[in-house]
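In what follows, chain A forms one complex with chain B and a second complex with chain C.
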Partner chain A sequence: MPDAAAIVRPRSARPSRRPRGRQLSVMLLTAPALAWFAAFMVGPLVALFYFSLLDWPSLLAPSRFIGLGNFARMIDDPLIHQAAFNSALQVGIVVPTMLVISFMLGYYLSLMPPGHKVMRAALFTPVLLSASAQAMVFVGVFSPMGLVNATLRWLGLGMFVTPWLSSGGTAMACIIAVGIWSAVSLSTLMFATRIANISPEVMEASELDGCGHWSKMWRIAAPISWEFAGVVGMLQFLWVLFGSATLVLLLTRGGPGNSTATLAFLVYDVSFNRDQVGYGQAVAVVLFIVGVAGMIGIRTLFRART
Partner chain B sequence: MNRIAKYASLGVATGALLLGSIAAASAADLVILTSWTKGDARRPALDKIVEGFTKQTGITVEIDASSNEGGAIASVYETSLLAGKEADLVLASLEGKLLDWAKRKAVVPVNDFVAAWGLDKTIPVDAIADWTDSDGHVEGLPYLKFTWPWWYNTTLLKQAGVNAVPKTVDELIAAAKALRKAGIEPVTIGGSDWSGEKMMLQIVQSYMPRDEAKKVLSTGGYCANADAMKGVNLLVRLRDEGVFVDGVQGLTSNDATAAFMTGVAAISSMGSWSYKDGEGIAASVTLAGFPAVDGGAYSKPTYYTGATLSGWFVTPAGAKKLDAIKKLVQFVYAPEQLGTLIDHTGAIPVVNVDPKLVAQKAGSTMMTKSMAELPGTVDAAVMPDVWVPGPVTEALYRATSIVFTNGNGPGKVCAALDEAYKK
Partner chain C sequence: MEKRTAMTHTGKSSRHSAHRKLGGPLMPLAHFGAWLYVLLLLSPLYYILISSQKTNIEIFRNPVSPVGSAGIGNYIAAVDYANLGQAVFNSAYITVGAEVLTLLLAVPAAYGLSRASGRLSLFIERIFALGFLIPGFAALMPTALLAISLGLFQTREFFILFLPATALPLTVILLVQAMRAIPKELEESAVLDGASTLEILWFIFMPLTMPTIVLVAIVDFLNFWNEYFFTLVIGGVQVEVRTIQVALPTLTSAMNSQFGILAAGIVVSLVPVYAVYALTARRMEEALIAGAVKG
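Up next, the complex of A and B:
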């Protein structure tokens, strides 16, 4: 057995053991990635904050520095209030609902019931559909002559027939429903993978203790998957918050009126349709801050329970 | 190290190739950006015209296309302009953001070119007026015009016991009720998009003299304008009396066009670009307008017409190639090329061409009908596209659903319209 003291490397000797040439080559090799990161990630973020301080009507128009003027304007802007409410409603309903449904479906899939492969393939479909294809599907579902109204008529419930995407009372509900449908698919597969990785001994032990599936799902699998659920929740929170722009743009364009406008949609709408680029970027900054705050909140919530 | 060098050189080569392809300018002498995409009926004619131009002059032309859905062509062009890579000419409709292009120096005003290129005798003065902004800039050269009448399916009207096209609002309401009774849908329109917006504003301006309508369309203030409110009340009355199809606020222009063309609905409002699609039911269709109202601004039913359907914008890049552009412009306005354009595409040039020739060349019964039935029987309402500011356009489309929704009273309707103008 060699003497332990003999193989301990003196601290002071460490730097001299890393050749400068090697350091340089590492830097050179990572330089393109760092340059890419700076140019396409950090740069736009800095630009976003700067643009939010400008009165800038359109890309072609000259801009003027107005400090926090755009943010002050938001305080009294009913459009922002409505969009913030819609975003909160969307995230507040989609994320918890998606977590519960996809966890339960994930547990079911982890049991590998008959037909589970088909189910996995079906669940993966929304991931494979482009946003525009999804929109086409749901325009067909919710249009005045679409699937929902046809079903209602068939069931003799014609009094409930309505243009779902064009009625102030139902359009946001449709956006939320599509959001849940879209979010559940991938999350279910993620949960199924996580639950399948729980030690079989733990599950067997719980069965010996008399646990049924309901108990195993909520008393065994759920606590073990809790932190993982936080990761899924965080990803979906970000996707719903930021990705709603596409969904709203393709399904309702924010209408009728502004009833389905969300903060993410407003970034586009205000910047490009209403020719207020600076104000739109200020909305984007608020959205960014909400996104970071939400991530911290979800992380804290799910860590606290671990 | 050799391996590193190999990968590095491969990376550099790939990067250089990519950068080179991005930075590469078009090899053509002229580049046209147009909203006439490959699916557009006029595109084959444009390709043919451009091919003929190159053959005659040796000047090569590249055509880039971008849909105008959601104002996409404006974004495409403005982005390319900022990058200094804009096309030399833009062929598009004058609407939305394009209304301010000359003011924002995104395009070169063509005031001086009209006469210098010999187009002052070709392009009518009223067409030039349509293309002139509030600062007096002629934004581009008007090329194609449109008519936008109301279409009445007289066969369906007769089935419902209505023997004549409604000439008053009361007759329209009575016709709608008769149609509903016969199981036929009355007036259909895309109540959630631009087509519904046009019909809505056509009805709303029924009591507004033209100048007043232009002012309200430009700046809003519907609730505060007595004549606009009369129009809003009229629209609400028509809606509540069941003149429009059920759930109209959820329909798109495609839904409405399909419903009319397949005989599901008896009345609609569609532009001349739909004449080609209407050939199948041409024998049943009478083209007219929205009925005139007592005490209104128009003595005859109203329709829309204008020279803003398509025109040529000269860009800053194009301003450096004026000789080539002059040749191309003179070529595309020549009678032979206009003939190619009219040929079975439904396009109507703004230049003074014999209407009978247009109808004959178009090979369209609907075009012939429009030439025969519209002149003298309808008045032109103020076309919103020329007056509604670009930043308001999309918000106004979204307000349309609210306007066409049952239960929303005149106060809510005018508020929704005014909301669209808020900055």
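Up next, the complex of A and C:
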């Protein structure tokens, strides 16, 4: 199975002895796609860096170049501190937790235990949920009269009943829980596919050495899937970091107070609801850099130990 | 003793013995943990499904009971109130339009890249490869400004143009991989027969890579249908333009915590996706894993 590493560095194409004219016509075929990508993806990203240097209150207002002023302002802005902390907390909990759980579940699934087909189908169910449908499901689950509180009452744990999304102590925990809930399913299926591809000889050799499943899982499957885990971690890192915008917007709107605001949510909120377009773009630049740096960080971390 | 049994099995049924042997003291714990997660995964969805045909009082009094008396009342209310019919149409219009444009752009590009050689094509391929690692979300506002400058702010057509750009990197890369596998000799003999570049693409490459084309079409369908944030910010919440994903959350504020109606709305929004899933289950699973692994 090719992984992201193989794609980022495509193997060099074979030399060809085709006449130049044909070569040109072939290159022309790629021009429309490139132009499209440049116009709708690269263009806005480049513009983003410029907009972040402007003092620009709203879309209709005139803008003024202020250099790095927006970034300087962020250093002292408690809202940004809160959001950076929340994003770090969210990513720091969701990604490692999800990696461990989904690796173990993936190993379990690769053993084809009884009912594994049902389990596979169940794991696919949440993968198909859109971000907004998923958020709406959890609006119901966490609402004061929702599923969580109903279950607590049913278990005789009525004293733990609370308005989960509107109390400061639990709102961020809910957002993190939803993140783990949805990240584990697809990651498990990815790990199961990877682990099932480990050659049976390797597994058998370890069985002859008297290894049980626990040591086979951690001593054999884990090192073999280590780099793959980096790819899974990288993907989920990006989804959690950027996907939090939808989740926070629909579950808590950043509240209560600003206790659940994340960086991605602020990119939207500052630009559109707080009338500071330029400042919002500076937040977006920071988010972008965090995203790229985190990705590179996860890649190196998971490459170093192989 | 046990070792010897294992030895005799090796070779004969090596594949089965390694993967099917379930035992050990921790196995019951593993079964329990795995099924607990499945329970946690499915119970919110079960809750939505049963709540969608219950009244508010029934939801509060008997949250886990599947019995409800609202019938399809909630569904009618949800569809009526949030104009879900129009919203599904808008989503379908955008999804199909964007899908067609994506393939029109990606298939020739992938063909070109798979046949070309030299530095330029390598460079282009690398652009696409890096493309799907770029977090496009950061460019939310500049993309909105692009829509405004094109005169397409708050129109569905902007998304038909914009969404293909987000899908191109993955689509092109997967198609290039599939097309590289086609032997050169096939193309060369077609050239000798006087076939043009486009004829070769249409009659040789497309039929041979159809499984991959279907695969990327499924991945793109899901991504386009489920797109939320950009359609909310750039498309807006007006009934004529908004997609099903944007229309759905409007039920929360509007229905004044009538949860049954929101639940019915969620179910309606999921029907098209699960219908496609039911039709193409195995392909879709393959597509999602391929899409994720290569993204």
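Everything that follows uses one rule, which is that the second predicted complex is superposed on the first by the 288 of 306 C-alpha atoms of A that agree within 3 Å, B and C clash if a C-alpha of one lies under 4 Å from a C-alpha of the other, contacts with A are read in each partner's own complex, and residues count from 1 in each chain.
Just so we're on the same page, contacts are C-beta pairs under 8 Å (C-beta built on N, C-alpha and C of every residue); 3 or more make two chains touch, one makes a residue touch a chain.
Owing to the predicted nature of the structure, the values given are computational and were not obtained by experimental measurement.
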Is the number of chain A residues in contact higher for chain B or for chain C? C
So, does A:M145 touch the first partner chain B, the second partner chain C, both, or neither? both
A:F242 in the overlay: touching chain B, chain C, both, or neither? Say first, second, both or neither. second
Taking the superposition on A as described, I'd like to know which of chain B and chain C A:W154 touches: first, second, both or neither. second
Partner chain(s) touched by A:C211 [first = chain B, second = chain C, both, neither]: neither
Which partner does A:T162 contact after superposing on A: first (chain B), second (chain C), both, neither? first
Regarding the shared-chain residue A:A88, is it in contact with chain B (first), chain C (second), both, or neither? neither
Touch test for A:D269: chain B only (first), chain C only (second), both, or neither? first
After the superposition on A, what does A:S25 contact: first (chain B), second (chain C), both or neither? both
Which residues form the common part of the chain A surface touched by chain B and by chain C? 25, 29, 32, 59, 143, 145, 272
Show me the residue ranges of chain C that touch chain A in the complex, using the header's touch definition. 3, 6-7, 10, 14-15, 17-27, 30-31, 33-35, 37-38, 40-45, 47-48, 51, 59-60, 63-64, 105-106, 108-109, 111-113, 115-118, 120-122, 124-131, 133-143, 145-146, 148, 161-162, 164-166, 168-169, 172-173, 177, 197, 222, 225-229, 233, 245-246, 248-249, 251-252, 257, 259, 262-263, 265-266, 269-270, 273-274, 277, 284-285, 288-289, 292-295
Chain B residues within the chain A interface of the complex: 4, 11, 70-71, 75, 78-79, 81-82, 97, 104-106, 191-192, 246-247, 249-251, 255, 390-391, 393-395, 397-402, 405, 416, 419, 422-423
Taking the complex as given, what residues does chain A use to touch chain B? 25, 29, 32, 58-61, 79, 143-145, 161-168, 253-258, 269, 272-276
Per the contact definition, I'd like the list of chain A residues that touch chain C in the complex. 1-4, 7-10, 12-16, 22-23, 25-30, 32-34, 36-37, 39-41, 43-45, 47-48, 51, 59, 101, 104-105, 108-113, 115, 119-120, 122-133, 135-141, 143, 145-147, 150-151, 154, 181, 184-186, 189-190, 193, 196, 200-201, 203-204, 207-208, 210, 212-214, 231, 235, 238, 241-242, 245-246, 249-250, 264, 267-268, 271-272, 277, 280-281, 284-285, 287-288, 291-292, 295
